[in-house]
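To start, the structure under review is shown below, and the notes come after it.
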Amino acid sequence: MRTLEVTINSREDVSLTVYLQDVEKEFRNITKRPAVLIIPGGGYQFCSDREADPVALAYLKAGYDAFVLRYSVGDKYKWPEPLEDYEDAIEYIESHAEEWNVLTDKIAVVGFSAGGHLAGAAATIANHKPAAVVLGYAVLNEVVDEIAQDAPRIAEHVDYDTVPCFLFASRADNVVPVKNTLDMMNALDKAGITFESHIYAFGPHGFSVGDTAIQTRESSFCERIPNWVQDSIGFLKDVMGDFYVGTAENKILTEPKCKAHMTDDGSAWLSLDCTIGRIFGNPKAKEVLIDVIAIMQKKIIPFTPEMTFGDMMECFSRMKLRDLLHERSIEIDEEKIDALLGEVPNI
Amino acid sequence: MRTLEVTINSREDVSLTVYLQDVEKEFRNITKRPAVLIIPGGGYQFCSDREADPVALAYLKAGYDAFVLRYSVGDKYKWPEPLEDYEDAIEYIESHAEEWNVLTDKIAVVGFSAGGHLAGAAATIANHKPAAVVLGYAVLNEVVDEIAQDAPRIAEHVDYDTVPCFLFASRADNVVPVKNTLDMMNALDKAGITFESHIYAFGPHGFSVGDTAIQTRESSFCERIPNWVQDSIGFLKDVMGDFYVGTAENKILTEPKCKAHMTDDGSAWLSLDCTIGRIFGNPKAKEVLIDVIAIMQKKIIPFTPEMTFGDMMECFSRMKLRDLLHERSIEIDEEKIDALLGEVPNI
Amino acid sequence: MRTLEVTINSREDVSLTVYLQDVEKEFRNITKRPAVLIIPGGGYQFCSDREADPVALAYLKAGYDAFVLRYSVGDKYKWPEPLEDYEDAIEYIESHAEEWNVLTDKIAVVGFSAGGHLAGAAATIANHKPAAVVLGYAVLNEVVDEIAQDAPRIAEHVDYDTVPCFLFASRADNVVPVKNTLDMMNALDKAGITFESHIYAFGPHGFSVGDTAIQTRESSFCERIPNWVQDSIGFLKDVMGDFYVGTAENKILTEPKCKAHMTDDGSAWLSLDCTIGRIFGNPKAKEVLIDVIAIMQKKIIPFTPEMTFGDMMECFSRMKLRDLLHERSIEIDEEKIDALLGEVPNI
Amino acid sequence: MRTLEVTINSREDVSLTVYLQDVEKEFRNITKRPAVLIIPGGGYQFCSDREADPVALAYLKAGYDAFVLRYSVGDKYKWPEPLEDYEDAIEYIESHAEEWNVLTDKIAVVGFSAGGHLAGAAATIANHKPAAVVLGYAVLNEVVDEIAQDAPRIAEHVDYDTVPCFLFASRADNVVPVKNTLDMMNALDKAGITFESHIYAFGPHGFSVGDTAIQTRESSFCERIPNWVQDSIGFLKDVMGDFYVGTAENKILTEPKCKAHMTDDGSAWLSLDCTIGRIFGNPKAKEVLIDVIAIMQKKIIPFTPEMTFGDMMECFSRMKLRDLLHERSIEIDEEKIDALLGEVPNI
């Protein structure tokens, strides 16, 4: 493993600590690595060391490369400078991606507290969107006004282009109320974005990875807190793909198990992952699916003879077509259907 | 272990399955046991067997007694009959508590889907409140209208008397949208009630305990789902106490690590667990705390000479006094202070 | 779930407690269930309740049916009466297998301390061999003489027909020294039997499932102890198969991931799971494998030009042929080769 | 975190990679850190990168500093050069301990395969003994002859001065047979040394930390394998102490929960952790314990009136006196008794 400390722009105190792991040889298929960019918290007053190395080490151990961004804080803080620092960091990483063997489309941003605000900005309003973000006891809504009056309330900027989020917090956090995380979840839900969240019953603000070495377990500390680390790694593997282990060539990661959106209803073209309501409300799609509909009628209708096919589809209108096919064990060439739908504009 | 199937009222199809574990002898201090009352889901149309025994077994293994309530469903359903079934069940358990060695003030209710709606009603509007509830992919708000138009929206009934809640769900649930769980969390947050929640990135509705034996892992299934079982047991131990292991006599459970409310601001009398804003806004309390204030001034003020003590207290107004004492390592006889505050009416 | 208390023979105090879970309907493919037969410890003086229900509940939760055998102890003890009780129990279960929906070839025996001695006897010298055994801080060798002079030392009876064993113990056990478990592991290793073992650094004898409800965590107690429960369930799934979840008909369990023997060298016929030494020492097998050898020579030889093929095979003589094919990524129709070897007597 | 690559002696290819974490400030009580010295495997032919950084990262994340030793291999190998490299490494670390803030009496050695052989040598025959060792699928006995004819069989060198060992392996390892680990455990048991071990049912040699990023999960791979990492960290905390979290000054680590020896029978002076047989066989000790004996007689004898006190003590002769006092809940000033016994020579 190599570590570097680099300067990414002309701002004082802004730095990127770089941790690069070996590739190839004994690591076989791993010719490049996915990565995490870690943004420590500190109320935009400082960058906490407790949320820097210890976090990087957790993801490094799981096989990711890691970067820790120390951004404009204290006297140097003025929105949007921290966000520009982030953009600069990503650009710097991208410009060194070949040399460093980093998969630039597989970078997750992990932020804590005020750093979680910045990670939230990365997920929503940044030019360089990461593949996913991890938001730890993050400042995402009202409290923003207290620590950074000029900064955006992240939860208000969530839209269809927001990236998948993993959120965690202590319900008893008396520095950044859990309401921040709840507001973000509501916004993500409304926008149809994939997320996972773990809110622990009690525990202090700023617990980082929750190990004894972090030195915050002194007071009331929920035993389940440290679980977020492995859970977030599982989430990143679900949405970005896991390390592929096998003999196929040029394959570094597996396919993600989980898409970034709950449905494809917001996409430009239809797909099997659009809802039934969306698909069956589109005349062109109904034409394309004529054979599928015939099969579905044969399979589904007998169980509910009192309903017309139209009624049924209305009943399932919120369900993805793919899910209905699976649930009813309707055997059909999904790839082909998906391809056909993929030529129908979603209007 | 004994199992019984009992009739708790005159309604057809309503039954209580009772699982009672041994006490005393090799189980030493355990002369009575805490318990869980499990309420399976099924859209108020049926009671799912997948959410009955397998759930009971998980809590039994952890040392709890268990009850499974099969309530008025299908043709027999009409609100508030399921809730009355619940009340009848608790009354039945209470009337047999001596015989069954059940700790009636340590019963948690665990409900799934529509059963989670009923568990939510137990937590909010029931006459017999449990010590805590576990709400699994529960119907708690809008969807209530779809499965039971006449039933209350639970999230709208949350108040200071609502009991601690453990919530879990799949973000991708296409039967009961995760919005139900989010709305409940928002209501709990607003009311200052203790809760914990785990929302998994994907997975189907109705996964129960998530084991292969539940037979729902077929389609897309998030590997972290089964964790809710141990996590909920940890939560119940946190809010109801864990089994005491030691030589003290007549001690069955330890003290809970976590109170039911985030602060005691809603209680009739003040305490160390009221917020600083609440305490210092009460003239009688300021009298009582005169010595404490002197110590705090000596300990805290030097670090922020530019602030008056009043300013500081305003700055910390949302923090519990107990937390501030811990955080600043102010050594003081907390029990005594708590007792003194306990004589000040919270007005 | 049904529970029954049945009498399996004419001996006083001998009883079988039966826990049967539902099958079919919501449990879909599960038309019958695998099971565990639990044998509590107690030095052949009594049967410990701490090693009865709490253990049954753990496996029941995982989907198994459970039986607890209370066998001849105290005044009623005289070897081989406990073993006969075991045989009677299995015969009783087998005679009720249809009625109870039990998979009789998928029964594991789980024994503790003296009950672990009896489980060890089931694994080695019984007429009715289970599919696997779990041996908890079991009496397996020298100590046998102290608690039951007339009983066999289990470790001395391990042979090729012994079933897969999962062993666990505390290294600091001052009642049944860990030596018992070590001796058993040595015997299993020598006999080529599959096993898994977990020896925890410290903790008392008789910890059962290690929960607080077991009431043994008072003194020095290693935090990792309770892990054996899930680990043993994982092991049973590995050697007996896990619950199948899918649409194939009549499929209750998946194929085991792990065979009962390390190699098939002790079997009557050869297979891909025989060692290279065994296979290549058999002239008939070499004839059958003539094409395979050609492929192997082409694939392997180039990397070590200084060795003859015979030398190489000698170098790998302890490795299973299947493992070598996998390790070198030699693509070949394994099923076909296995079938061919299956017609060669292992002499 | 700083990383350094240093030369510790004049041998070519021998290097020490150093990973040092921050101390003090946000890490409060942590003014120095415990550490692990990692010794990768590779049959004394090379040093595996898979058993270097990924292992270091796991322990770093838990708060330890880490060192990776690349020792004399291949043409450079000749016993005892690797052992001398190890001694040089420890001396180098000790000479930089002040600068690097390393707790030199809290260094554990973690070795794999051939590196596990070297770690085993550190635990038994080295001049610089670590506080504990972790031995992963290690070469410890017969196989030594195959990879290094001139090197010692570690299991034969275990004695009372051997340090606590954490061992893990795959039962199906076809490169280094599990017998190596079993032989070591037998030797440790005989010598009365603390150990913990986890042997997984199946899985290949060389799995390192078992993550997908290690690229060995392709073939048959037991799901429980990666657990050894957290388990070994728990073990190190048990035998070396965990990070202290609290307000006491100058306290970096807690007291270990587990001593290095099962009893103090091999020590120069008696203690409460000697066995009853050892203590009561020493006339001077019996004098010192005269009051304790009186209390024990009053507490224990009534339950077994048919036995003399001498008979009872013989019956418990293998038990530590401390354990007996705990088990019978005999309340006594243990520290005082321990001090008194500490003045009695163990002869």
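Which chain is which? They are A, B, C and D, in the order written, and residues in each are numbered from 1.
The rule is short, and it goes like this: a contact is a pair of C-beta atoms (placed from the backbone, for glycine too) under 8 Å apart; a residue touches a chain by one contact, two chains touch by 3 or more.
What you see is a predicted model; the values in this text were computed from it and never measured.
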Smallest count of steps, each to a touching chain, taking chain A to chain C: 2
Partner chains that chain B and chain C have in common: none
Centre distance in Å when chain A and chain B are each reduced to the mean of their C-alpha atoms: 30
Between chain D and chain A, distance of the C-alpha-averaged centres to the nearest whole Å: 40
Chain B and chain D, separation of their C-alpha mean positions in angstrom: 42
Residues of chain C engaged with two or more neighbouring chains: 218, 247
Chain-level touch network, classified as line, ring, star, complete or other: ring
Those chain pairs that satisfy the touch definition: A-B, A-D, B-C, C-D
Partner chain B, residues of chain C touching it in the complex: 1-3, 21-22, 25-30, 48-50, 53-54, 56-58, 60-63, 209, 211-213, 215-218, 237, 242-247
Chain A residues touching chain B - in the complex, by the definition given at the top: 164, 166, 171-172, 174, 177-179, 182, 185-186, 189, 194-202, 218-220, 222-224, 227, 231, 234-235, 238-239, 257-258, 262, 318-320, 323, 326-327
